[in-house]
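Chain naming follows the written order as A, B, C and D, and within any one chain the residues start at number 1.
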Amino acid sequence: MALKSGEEYIESIRSLGLSAHVMGQSEQDLTRHPLVNPSIRAVAATYDLAGSPDEETRSLFQTESNLCDVTVNRFTHLHQSNQDLVNKVLMQRRCGNETACCFQRCVGMDAANAVFSVTFECDQKHGTEYHQRFREYWQRVQQEDLVVDGAMTDPKGDRGKRPKDQADPDLFLRVVERRSDGIVVRGAKFHQTGMLNSHEIMVMPTLAMRAGEEDWAVCFATPTNAQGIRYIYGRQASDTRKLEPSKLDVGNPVFGGQEVMTVFEDVFVPQERVFLDGEIDFSGQLVERFAAYHRQSYGGCKVGVGDVLIGATALIAQMNGVDKAGHIREKIVEMIHLNKTLFACGVACSAQGHPTPAGNYEIDLLLANVCKLNVTRFPYEIARLATDVAGGLLDTMPSAKDLDDPVTGPYIRKYLKAAESVDVVDRMKVLRLIENLVAGAGAVAYLIESMHGAGPPAAQRIMIGRQANLEGKMGLVRRLLGIGS
Amino acid sequence: MALKSGEEYIESIRSLGLSAHVMGQSEQDLTRHPLVNPSIRAVAATYDLAGSPDEETRSLFQTESNLCDVTVNRFTHLHQSNQDLVNKVLMQRRCGNETACCFQRCVGMDAANAVFSVTFECDQKHGTEYHQRFREYWQRVQQEDLVVDGAMTDPKGDRGKRPKDQADPDLFLRVVERRSDGIVVRGAKFHQTGMLNSHEIMVMPTLAMRAGEEDWAVCFATPTNAQGIRYIYGRQASDTRKLEPSKLDVGNPVFGGQEVMTVFEDVFVPQERVFLDGEIDFSGQLVERFAAYHRQSYGGCKVGVGDVLIGATALIAQMNGVDKAGHIREKIVEMIHLNKTLFACGVACSAQGHPTPAGNYEIDLLLANVCKLNVTRFPYEIARLATDVAGGLLDTMPSAKDLDDPVTGPYIRKYLKAAESVDVVDRMKVLRLIENLVAGAGAVAYLIESMHGAGPPAAQRIMIGRQANLEGKMGLVRRLLGIGS
Amino acid sequence: MALKSGEEYIESIRSLGLSAHVMGQSEQDLTRHPLVNPSIRAVAATYDLAGSPDEETRSLFQTESNLCDVTVNRFTHLHQSNQDLVNKVLMQRRCGNETACCFQRCVGMDAANAVFSVTFECDQKHGTEYHQRFREYWQRVQQEDLVVDGAMTDPKGDRGKRPKDQADPDLFLRVVERRSDGIVVRGAKFHQTGMLNSHEIMVMPTLAMRAGEEDWAVCFATPTNAQGIRYIYGRQASDTRKLEPSKLDVGNPVFGGQEVMTVFEDVFVPQERVFLDGEIDFSGQLVERFAAYHRQSYGGCKVGVGDVLIGATALIAQMNGVDKAGHIREKIVEMIHLNKTLFACGVACSAQGHPTPAGNYEIDLLLANVCKLNVTRFPYEIARLATDVAGGLLDTMPSAKDLDDPVTGPYIRKYLKAAESVDVVDRMKVLRLIENLVAGAGAVAYLIESMHGAGPPAAQRIMIGRQANLEGKMGLVRRLLGIGS
Amino acid sequence: MALKSGEEYIESIRSLGLSAHVMGQSEQDLTRHPLVNPSIRAVAATYDLAGSPDEETRSLFQTESNLCDVTVNRFTHLHQSNQDLVNKVLMQRRCGNETACCFQRCVGMDAANAVFSVTFECDQKHGTEYHQRFREYWQRVQQEDLVVDGAMTDPKGDRGKRPKDQADPDLFLRVVERRSDGIVVRGAKFHQTGMLNSHEIMVMPTLAMRAGEEDWAVCFATPTNAQGIRYIYGRQASDTRKLEPSKLDVGNPVFGGQEVMTVFEDVFVPQERVFLDGEIDFSGQLVERFAAYHRQSYGGCKVGVGDVLIGATALIAQMNGVDKAGHIREKIVEMIHLNKTLFACGVACSAQGHPTPAGNYEIDLLLANVCKLNVTRFPYEIARLATDVAGGLLDTMPSAKDLDDPVTGPYIRKYLKAAESVDVVDRMKVLRLIENLVAGAGAVAYLIESMHGAGPPAAQRIMIGRQANLEGKMGLVRRLLGIGS
């Protein structure tokens, strides 16, 4: 049986012996580090849900591999149908519901589905053998139920210059040496979500490379504990509340996210893990497909987090005794409407998917970009409405330490009392959860990542313009009006 | 073969001998009346597309009946799968693409699918035999490839009062007499889209009736030429341009819409055409289901019209020589994005559909309402952007008569000249088409009907609030925070 | 006494003997033409209000000239203080309140204030004598209380080419001959609001001219009945309803707007009426200043029309018996909020005005552009909300002819009955007024002109970017952070 | 000379010997506490700017008292003209420009102007002598150039119940004892911005009290160090970054905000400091007027912060080398447009102000509410656009400690390098400043306070509905259409 439990998964990460720089310290046992632990627990949820006692949940998270005869976690699945694509979205929404944060495991799934089809087409054209290599590699990922980080974003340096024209060529990750048994790479990848909770890294180029940029057109996999890789932990809003004794002020008492700056200092990658090396004509396609899968993902995960924020908003309204007020109800309906519109986009790009030449299923590219472009907007309005309903305490509430203080505690309990049946500390917990999502560590995933994850809005707009068949629409007009082209 | 051609269809309507009051005149041959003719041509397109020489088109519009062994036009189909539901949306979009207006035939399709399942459930509970009646009735509709108008909206009188409390009880359509062989009804239905292009009318109640309102809880079918029915034609913006000699100023030179106020002056309905009579507990369900199917519809038809408006906007930008300007491109991308978001909602509520106890498929009710609520917003923004790109000529251009005038014509041709390769009259046609859709007869369907068709936004918001399982979302929060209910 | 009554004004226009092509006919007595008459009545309101028996109204519309010792209508005033600028906005709002349409007289006022200061500065630099000429010219305008049309927008031809590079050089209005006693001009001006209700035309260039384009850098005044000028009437949505016997279906039973395409066929302009001729370095300034004054204007006139639309929406809600519903109230509050935001922008750019070197007052350029940019957005949302509240009858109501018909009239009266105390025809009138403003002839001014009048949004955005002192804002950041430039 | 320097001010606060509970500790020298110090420095800026060497700045911040013959800081001024009201907004904008945060001193100014006129009217009606008391009290405030906190928001308990019906009557602050020499009060005030940086507190009721609620209708002033007052410090997002050794990660290296929960434990207030005690008919007026002045304030202060955010966004775009990209420029123009719309509202409600019976000037109530309602929206969109332009590093950048680390520092410097001329640390500073404002401590003031400060949006909507003269607007329609009331 391939599937791990959450606990087994955490143990497997621990055994990798990863180290990272976290807030100026070199840390060794990251899984137990209070800044990191909430994030690995969020990934562990993707394992525990796959092993849920609930039949329906299990059937959403478990599926059958097309590579080998084994039941796999859908997070390692190569989609075999439109229903698979829809189920991916439903699974992601469910994970968002459970964790109220980024659970980090989508990137590898999205990378794999892109690499699977792009390598197939590259082999067809260039006679390379990347696809078979990838199948073998991914079979192991499925069998061992691994977490794979997908690494795309390069530092980029001066945005006005191409990779090959940068003052420092390492500002885009590149091959610095080609050996008979593999390649040596140097560079960095930014914003690596959940990197330290991953067994493997799948590296992809960050943009479509051109002639003369073959060294930057590289795709490969490497273990996270490979020699030469360094990790520097990224800061999040209110991150150090996780280091405080009480979990109250963190808002989300269990789960959290993680982003890491990753440096590749002449890392060796053996040949069998290289999936693109110099085929510039497929670099753009890889970026575009990975991005589209990942833009679909946001129609699931952010919707799941949105559900929690809507629930918290409804709950605080109830606790404040204003849940019957017309304008409160209207705001909550609006939050639901926006969140469901995102969900609709996630589902639609899946339902309108199609098989690739390699056999796995790809979402509708245009609709996936529409999905993500909405994700760069609606969570902001949902958060704004949550802020409206939650009230001013959101940002002025005393600390958990003051709640526990013998002098101030009684005052806090006296004056934060709302409706009679409502426990004061429960009310504070809900307010802190909302704060977490609209202006704390959770906002990093719910708002800022909604903007930039899988590419910023400008990237989606370019794709929408390119995919929209404007010529066809002009043709409709010409025909209706009986005018020439 | 059950399927009619567009021409046969028009002939079949003509043979009904319908008459109506149009602008103060009693008109007899409506199909040839210049105000009415564009609307019947739009319905005829639903026939012609089903008989298209193009295989793909045909397979979208034709499908197999579940009632009898015959190929039917999808507009008379009882949906048998989620794919059927998606295909309905694709078909509607296609019709919008062809006609750039309301093609009127959806209402009956949506009514039939609602009546089919509601009568089944009513029979289960009350031992009535409506479902079998309806199956027989609808079988004939399929076999004869008829257009059925779905009539829901009553005049409503004083909105602060229930049907039974109105000063005039006829302000909601009602049964005024029950006879052994049928019922006699009186009242009116407003906003009847395409009524005069229909063979049949399916009447439904306008809201959930309560005890004491049994007479208003009535659903039945009647031929449009039944005795006692009167039609009064509704006005549209710029409607009389259709009466002018040139088609240029109309904007849409071929197709158009139609709304009719319909009066039922003691109309007799035989028993076998009655599908609900007094079962108040199913009246609300019928409203809700019909509305949901019809809200899904808007995710197809308005998207199709939106495509045309986007195409016309791109075309006028090209004709004006500004299609390369960054801000113009951004606006067109935004129009596409909004239109595709509507499409995504139409697809998503279909893909997430489910079978009813009666066996036909129903859309996801929540997502269908989300779909329509977006339709009450985005077409307005799309139209605003089209107005922006099209330029001020939209509302100041001289008349077609002045173009044809020997004195003014040459000036118009000289000064409306834009990019060299562009024919002046072609440019005027495109501007008039845009005007038609943002401020003319087409705006009635594209904007005002987008607001009120299938119910106004407040109705969708109520459904969204009701369907959203807010309690479940609050439960997610309670579990995450470990707090009591 | 310089001030005319409305009736005297109409008579004075009639005596000009203007003729125009209207819908393919050459019309002579335009003031009595049913298509034109509503528009001249709207201008007449600017006269009647200045002679109002109400003291407060009079003091808003009357003021003292700075050119000569005479009381003038503020519509011919050269602003002498910030309060004058604010009063201009208040006056415009008031006119909108009275007419619910475009009252057309602002353009000349805005042109005069721009020409006044630009000619002063041009004379300073170039030793020309335009300013004195203009003072003398305008003194007469004030003394005779004239309406001056401001004409800016050229046909523009291929937008990708400069005036001098057009295939037809007349596509921008230009000097074709310079004589000792004056100049001869050829070309056309589009979208001329209220042209046929004006005594005079002030022609300005449409953009900043460059070296080699001296012939296009021309500003002058001419009587509307000068030889060689031709007028072709523009169409508006639902325009011909004004030709129907009943005023009900027009919506606005008294007032309306007008746009005219104007052709200058070698028109001679005597020297004393020329205010710029070849000074390309002041052409851009003239465009920019006129545009800014005119962008301020929209913060008054459209707000006034908005007030009427809000009032009509509140009234129909009351008539329908839904004015107490929470969501209806919220929508009306939102309409007010948006409308008042526009008003705030109109007031603010006035209150922050400053004197020009010539001595009259100029609005804050940045805020005037912000004002207009909001005008390209909020009226659309206000109209959308009005459509929402008004209900579906807006676009499906039978014609006035059917109301008067002995057969259909009684049905219409029976079934359009709403709350008991409400007269059915009054209700129809309010619905038709709303229709007029959101999808009829009134929408031309309220929506389309809000987009393109005084330049489209892209023009405002350019000015906002240019005026915003971004460098200063970056300086704030550098100082706060202690970083170098 | 009445005016203090910033340093003198800080010293004067220090000498009050205030103590507070901060994160579970009782702290004594708050002015030097690293969590508190940035906030007192922000207030000090209001002093230093009044003593600026720059003439123009001084003349904005200094003005002449109407109470006594002394030059005062405008923050203690009773407005004497519309220009005073406009200058208030300009001054606030300037403070926001300098501090990029909440400078806390407006509340007292707004409270004083409300209390000044309300006490006058109360005395007129009830023969009380509050106004004279207040004049004397405020004269001292002006002469000593004090900071006065304005305290309005009560805990409110169960929002479904009136003050007198709460389980705990202290949930609204109230008089618990009336003595010959004064009153004793008990209760709490929440969200007290800058309380610990104030010399005095002005307490006002939180809503319009009704018969039977006389004990809650109380307004008075008290020194911040009066016996019985307790302070509990509120948490802000990322607050503890202020405790870290480097200022880099804080974002705003100098200034910050502060909110405090304040408990009144049987505090005695001498008679001469009581300005309302039981006159329930003036409690609502006090709330409404204070709120309106404070809603005006947001049209200044938030605009000032917005300027900084726009500057930072433009700067990071430049540093990233993307400032020339069309879509970046469009986004920055949009930010300016929105920010300037807020400014326009602040200016307009000032320019349209009017004198009160007491002689000071009051803003236009309706426009002030419109101003604030926009402030609950536009900063969110501005922040969203800043997030878009700034890029993903905003939330994933390593800590200052890692920058200083010998191992990781060089990697950070290598890979965060952007355009060649840009210092890496400068770039990090700008990113951290943006993070501060969109998702850090600065967002508390810029976003959450923009929502709830001076009342949430629902409060503004109620006032807009109430002030809008809807009846007058309906009258315009009735007159135009010639219909009865």
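Rule of thumb we're sticking to: a residue touches a chain if its C-beta (ideal position, glycine included) is under 8 Å from a C-beta of that chain, and two chains touch if they have at least 3 such contacts.
In this text the structure is predicted, and so the values were computed from the model without any measurement.
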Farthest-lying chain, centroid of Cα atoms versus that of subunit B: D
Contact-richer chain pair (by C-beta pairs counted) among A-B and A-D: A-D
Averaged-CA centre spacing for the pair subunit D and subunit B, given as whole angstrom: 52
Approximate Å spacing (C-alpha centroids) for the pair subunit A, subunit D: 38
Inter-chain centre distance, subunit A versus subunit B - centres from mean C-alpha coordinates, in Å: 40
Sites on subunit C at which at least two other chains make contact: 327, 330, 461
Subunit C to subunit B touching residues, read off their complex: 21, 23-26, 153, 155-161, 167-168, 170-171, 188, 190-191, 230, 232-241, 249, 259-261, 263, 320-322, 325, 327, 376-377, 380-381, 384, 387-388, 391-399, 401-402, 404-405, 407-408, 411-412, 414-420, 435, 438-440, 443-444, 447-449, 451-453, 456-458, 461
Footprint of subunit A on subunit B - complex, ascending: 86, 97-98, 100, 252-255, 307-308, 310-312, 314-315, 318, 329-330, 332-333, 336-337, 340-341, 343-345, 347-352, 366-367, 370-371, 373-374, 423, 426, 429-430, 433, 461, 464-465, 468, 470, 472-478, 480-484
Interface residues, subunit A side, partner subunit C - complex: 326-327, 330
